[in-house]
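Each of the next two complexes has subunit A plus one other chain: subunit B in the first, subunit C in the second.
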Partner chain A sequence: MAKLVKTKVEVEGEVSEEYALVQEPLTTPWDVEEELKVVGKPVPRVDGEERASGAAHYPSDIRLPGMLHAKFLRSPYPHARVRRIDTSRAEQLPGVRAVMSKDNAPATPWNNKRPIFDDVARFAGDEVAAVAADTLTIARQALRLIQVDYEPLPFVLDPEAALHDDAPKIYPDGNLLDGEPTKYERGDVELALAEADVVVEGTFETPTQVHNSLETHGSVVTWEGDQVVVYDSTQNVFGVRDCVARWLGLDRNRVRVVKQFMGGGFGSKLGTGKYTVAAALLAKRTGRPIRFFLDRTEENIAAGHRHATRQYLRVGAKRDGTLLAIDLRSYTALGAYSAWGAAVGGPARELYNCANVRTYEYNVFTNIGPQSAFRAPGYVEGMFGLEILMDELAGQLGMDPLELRIKNYAARSPLNNLPYSSNGLLDTYEEGARAIGWDKRQQLDRTGTRRRGIGMASQIWGGAGAPPSYARVQVQSDASVTVITGTQDIGTGTKTILAQITAEELGVPLDKIRVEIGDSEWGLYSILSGGSMTAATVGPAVREAAADAKGQLINLAAQFLQVRPSTLTLNDGVIRGVKRRRPIEKRLAEILGELGDIMVIGNGSRAPNPDGVAIRTFGAQFVEVEVDIETGAVRVIKVVASHDCGRILNPLTTSSQIEGGVLQGMGYALMEQQIVDPKTGVVVNPNLENYFIPTMLDVPEIQVHMIDRADPNINNLGAKGVGEPPIIPTAPAIVNAVYDAIGIRFRSIPLTRDRVLDALERQQTSDIRQQTGVSG
Partner chain B sequence: MALDFTSPQTLDEAVRLWHAAPGSFWLAGGTDLVPEMKATLKQPQRLVNLKDIESLRGIAETEAGVRIGALATLTEIAESDLVRTRYHALAEACRAAASPQLRNVATLGGNLNQDSRCPYYRGAFPCWLKGGQVCFMREGENREASIIGYHECVHVHPSDPPNALVALDAKIITRMNGDTRATPAMDFFRAPLEGDRRMNLLEPGEVVTEIQLPRFPNSQSTYEKAMDRAFWTFALVSAAVRVDLEGDRVSAARIVLGGVAPVPWNAQEAEEGLKGQILSPESVALASATTLVGAQPLAHNGYKVQLARALVKRSLLNLAR
Partner chain C sequence: MPETPIYGPGRVPVKLVVNGQTHLLNLLPSETLAEVLRGELGLTGTKVVCGMGDCGACTVWLGSKPVYSCLQLAIDCQSQPITTIEGLKRNGELHPVQQAFIADDAFQCGYCTSGQVMSMAALLERNPDPDEEAIRSAVAGNLCRCGAYPKIVRAGKRAAEMLRVSKEREAPGE
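Presenting the complex of A and B:
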């Protein structure tokens, strides 16, 4: 009997309480010490060959008969009133099938309750109109024929400047989201700072980081009878289904969303795209399939990014290193639309055992493209400031930076004083310090022009997963198995681990299992793939479904063999048992084969998380860098990434996640930044030529250390997520290593040559001043 | 708009075809022109493909030195034993450019005609270099801008091989209608000026046919490039350095910097101090310190002076080994 429960759901650092309908669970967690047969093994990706050979069809590969191509007309101004728009010339161009603008689009509200094509453009790149045409070339030509009468308005790029009284207003009631900062306070921060022996403070700045998904955002939408089918490069199949259903006024069972593969999302594909909705509307208008994919420039300026931040941070401590207070005021540049700001204060609130913490997070609308979730949104930015200032505090106290962190380790969650379901933070410190040679870092060469240094930083994040999610395990009469669930593989290896979990629980070989995901048509709802939630959400539901199927198979075999079910086992596809004291052994396929076209259907759902515990993932990264003090080049030599995310389901997919996170974090620290021209408000580097991401030659040695200890208190797998944790500590660890190498504390990234050389020059000047006794 | 594509077999035929239709563009590797066409920055009506013209190929020794055909790819040059042993800086400069895939296609002739990579010029800005009124980079994002030798436009010459060609006293042979002319590499490039915004001396319809490198009796050269990441990006600053030795003393030196000016920048002050000197830490330090003394950096590119000096120092010390 299904049960309605209320459960806490955490997505990208935001906690909410939601209902979930769940079944009475059949499974209990695997024993922590138990060696499993398939789960935890380095099983190669079940779809690896498909992906590598090009056989895999990504949404952008979809071509349908009669398909039209759609493009947006985008505002050239960062802020402008769209006074009048004349699409008549575009409409007359042969091959143009539909033009949509504010004059003829539905009034259904989009972001921030504004229409899909508004009469104000709020960033350079904002959508003003859409065209569907026979070819992409014609669509582009048509865009040039649309005449728009813009009234340019003053614009603002900096989030703090946007809060001034005389700043241009992006929305009538001001630029501050919700009209006030997100406030959090425990204890008395001012008092604690006044009583502290040491107070360190700093202003930290992080850049706008672009996801740069290799497959750009986009959809192909077509009508099949009374159903609309959406092929979408999305992390949220059911979210897209629901949004399209709402826009078209359809029942949810008349919208099918398909996403078998995708070329990256990193959080930017959690929402439904304006291109998806526009494609659906244009498909309805033209009666033709619509392909609506962004190009590389649009991907850069209008498909989301990690918001830039400015953080004013103060930390106070006792002489012995005990933290007394953390005080953070942060400003995030949300861009023009996104109606949420990521939890920049998260690390300050929960990483350390500190009684007095205050975080004021100002989320501010600015005239750039909308921000979106980006791999551990908020925590990447917040950890940057906190962990650099912790190192500075250690320096002031004359303490080892690692020792300072261990001293302030939080044994219970500082947010709610709950015990952790499990917490391997201290293990990750120990493991990482040993692997990098933390104790020997004084011996690194710092005499020549290329100077080595080692630094570290910590990680905390969610990853518990949450209901609801549903799964079905079908066993065909040849004993082949189909696993069906509505989740999506965003490139992390979801298909592979779901096959492993099924093989383990059901007792059938891995190669007999086929996993069907990424299609809302199956009807088995799964949550979005973000917040490091997928494995720990869908995995337990699949195990439940497999257990249900297994129970039925054993029962069925018992009836067929005329024995008691309790005497039978199913392993490796073979039923074994005892009948009249003689062992019996029969292949499952053989038994089922004799029963005709029967089918066994096991159902499972994700059970709620336990109450009374805090579920977090933990980790630490230790980095060795080399800084060339003549050329300003910062090279990352080695990264030791030590993470605790419960039971490791597959060390190969886990390593991939950790390596990818480290590289994205390294790019953030060293080279990535979206640059907006201050005078025109237009992005200067909306491409992969001038926006730098690491190349193969930039990749350092990455040592992955997985604590791999099942957490028995969370779900039937003992596993937590690992998608986001590995990007969180990388940048501050690199910056701390650079300090260790050259004695300069950077508070802004990326560490480009100009920033490093200018700082080295200032350092030299101040050294000379000190030596000669000149002040100032 | 229709695009006419022609593939002549001879240079004469190519020149004829170029002049026979308006809007003609030369096409060699296409690594620069084709993306510009996609971005509608260049809108040719006719492409005259040079790749079938056999006489434009090859790298060969001549009496005077070495001849490199304009169609030689950057990979061919980087891997040529002749170039690697005698003109190390050029081999290194070709190897430091772009990515392996691009180097396999990009030609030296095309590289000499490399268009500006200034993001404002390439992007959605009506900038001065493409006929507008304002240089957006000057007051905008100028971290990558020129620090010397600039006028209205502060972009830098983006390519690597030209710096080496200037350092190696190369001659650039071009064909204009029926005439052939040889231009020293040092004079080939130009800073765009009001009234004439070209980046080099090529006239409409003129085409690079070959590059000639002179014979040096006792010369060594090297190329250093500083980038925002390990590879596959244009230089922030680069240095092509050649020293000719008589005994253990420098008889002549050539120091050419990339990424600092709208042309490959010849750092003559630094060269002067090296003449007659042994390449010692002291003489190298002096040359390094006198590099770019007249630089006039903008708001965010002062670091280029220091970076250039570091590369000059490193190059000379490498050559001293």
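Presenting the complex of A and C:
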């Protein structure tokens, strides 16, 4: 009998209470010490051959007969009124099949309650119209024939400037999301700062980081009978299904969303795209399949990014290093549409044991493209300021930076005083320090023109997973197994771990198992793939379904063999037991084969998370860098990434995720930034030529250290998520290592050569001044 | 089929040999090799990410040389055979580089993988005993946003080893 429960759900740092319908669980967590057969092993991906052979079909590869190509017309101005739009010449171009603009699009509200094509453009790149044509070339030509009468308006790019009374208003009721900052306060921060022996403060700035997933955002939409089918590069097939159903006024079972493979998302593909809805509307209008994919420029200006921040941070401590107060005021540049700001104050609120904490987060609309979730949104930005200032505090106190962190370790969650379900933070410190040679860092060479240094930073994040998630394990009469659930693999290896979990629980070989995900048509709901939730959400449901199927198989075999079920086991696809003191051994396939076309169907759902504990992932990264003081180049030599995410389901794919997170964090620290021209409001580097991401030649040695200890107090796997944690500490660890190398404390990234050279020059000038006694 | 290509105007006959098969096509002279492979021939293993020579996702072989197919006009590719990721199998078996990519998990989303594999395999065809630097520089023009780079290096080493072993088996005592 299914039960209705209320459960806490955390997505991308935001916690909410939700209902979930769950069954009485059949499984209990595997023993912490238990050596499992398949789970925890470095199993190569079950869909590896498709990826390596070019056979994998990505949404952008879909070609359908009669398919049209669609493009958006985008505003050249960062802020403008769209007074009049004339599409008649475009419509007359041969090969153009439909043009959609504010004059003929449905009025259904899109983001921020504005229509899909509004009469105001709010960033350079905002969608003004859409065209569907026989070829991409014709669609592009048609865009040039649309005449728009724009009235340019004043615009604002800086989030703090956008709060001034005389700033251009992007929305009638002002530029501050919700009209006030998100406020959090515990204790008395002002009093604690006044009483502190040492107070350090700083202003930190982080850049706009673009996901630049290699596959751009896009969909192919077609009608099949009374159902609309959407092939979408999405992290959320059910979210897209529901949104398209709403827009077209269809029941959810009339919309099918398919995503077998996708070329990256990193959080930017959690929502439904305007291109998807536009493609669905155009497909309806033209009766033809529509392919609507963004190009690389559009991907950079209009498909989401990590918002830039400015953070004013103060930290007060006692002489012995005890933290007394943390005070953060942060401003995030949301862009023109995003209706949420990421939790920049998260690390300040929960990383350390500190009685007095205040965070005011101002999420501000600005005239650039909308921000979206980007791998650990908010925590990446917030950890940057906090962990650099912690190092500075250690310096002021004459303490080892690691000692300072250990001293302020929070044994219970500072947010609610609950104990953690498990917490390996101290282990990750110890492990990381040992692996990098933390105690020997004084011996590094800092004399020549290439100076070495070591730094570190901590990590905290969610990753608990949550209901609802449903799974089915079907056993066919040849004993092959199909696992069906509604999640999607965004590149992490989801299919593989689900196959491993099934093999382990059911007792059948891995190569007999096929996992079907990424298709809303299977109907088994599962939450979006974000917030490091997939493994810990879907995995437990699949294990439940496998346990259900196994129970039925044993029962069935017992009836067939005329023995008691309790005497039978199922392992490696073989039923074993005892009958009248004689051992029986029979392949499952043999038994089922004699029963005709029967089928065993096991169902499972994700049980709620336990009450009374805080569930978090923890980690620390230690970095060695080399700074060339002649060229300003910062080179990362080595990264030790030490993380505690509970039980590791597959060390091979887990280490891939950790390495990937580290490299994106390294890009953030050293080279990535979207640049907007302050005069025109236009992005000047909307491509991979001028927006730099790490290449093979930038890659340091990365040592992955997984604590790999099952958390007995969470779900039936003992596993937490790992997708986002590894990007969180990288940037501050690099900046702290640079300080160790050259004695300069950077408060803004990326550490481009010009920035480093400037700082070195200023350092030299002030050295000379100090030596010669000149002040000022 | 003329010896020197006709450059239009309008569609022109083009003969391409792709993965050992000859295709007679009528193409616009402005069409890139990448567009033709993906659109006309349905060989979608080759990806287009930037379309301007920045990422290497579109890497195929022209003869034995890896090239960015987004920067080649199809009409200019008539004199040499073209190999794409779909044509890398030998006797129905994956190329050692493909096998090594699977074994070492040298991908996450997999969207850059075809390009990485083509670049790496081209290196091993001409230099069966590469050091780590050669492996890295072979794929230095192939971006991977997922950060599979460390595993790609590992896979390159494994593939080189596999090729060496299989060569020794073919020619024992040499």
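Keep in mind that, in the parts below, the second predicted complex is superposed on the first by the 776 of 776 C-alpha atoms of A that agree within 3 Å, B and C clash if a C-alpha of one lies under 4 Å from a C-alpha of the other, contacts with A are read in each partner's own complex, and residues count from 1 in each chain.
In the analysis below, a residue touches a chain if its C-beta (ideal position, glycine included) is under 8 Å from a C-beta of that chain, and two chains touch if they have at least 3 such contacts.
It should be emphasised that the depicted structure is a prediction, and the values quoted were computed from it without experimental measurement.
In the overlay built on the shared chain, the residue A:76 is in contact with subunit B alone; subunit C does not reach it.
Of the two partner chains placed by superposition, subunit B and subunit C are both touched by A:697.
Of the two partner chains, subunit B is the only one touched by A:632; subunit C is not. In the superposition on chain A, A:569 makes contact with neither subunit B nor subunit C. If you count the residues of subunit A touched by subunit B and by subunit C, you find the higher number for C. Legend: residue contacts after superposition of the two complexes on their common chain; A:491 is shown touching subunit C, with no touch to subunit B. Contacts of A:147 after superposition on the shared chain: neither subunit B nor subunit C is touched. In the superposition on chain A, contact is made by A:58 with subunit C only, not with subunit B. Of the two partner chains, subunit C is the only one that A:214 touches; subunit B does not reach it. In the superposed model, A:689 makes contact with both subunit B and subunit C. Residues 689, 694-695, 697 of subunit A lie in contact with subunit B in one complex and with subunit C in the other. Taken together, the subunit B residues at the contact with subunit A in this complex read 117, 119-120, 122-125, 136, 139-141, 143, 226, 228-233, 236, 300-303, 306-307, 310-311, 313-314. The touching residues of subunit A, counted against subunit C in their complex, run 44-45, 48-58, 60-61, 63, 211-215, 261-264, 266, 295-296, 490-493, 652-653, 655-657, 659-664, 687-689, 693-697, 699, 702.
Within the complex formed with subunit B, the residues of subunit A that make contact are 76, 630-633, 670-671, 675, 677-680, 682-686, 689-690, 692, 694-695, 697-698, 752-754, 757-758, 761.
The touching residues of subunit C, counted against subunit A in their complex, run 38-39, 42-47, 49-52, 54-55, 57, 84-86, 88-89, 94, 98-99, 101-103, 105, 107-114, 117, 136-137, 139-140, 142-153.
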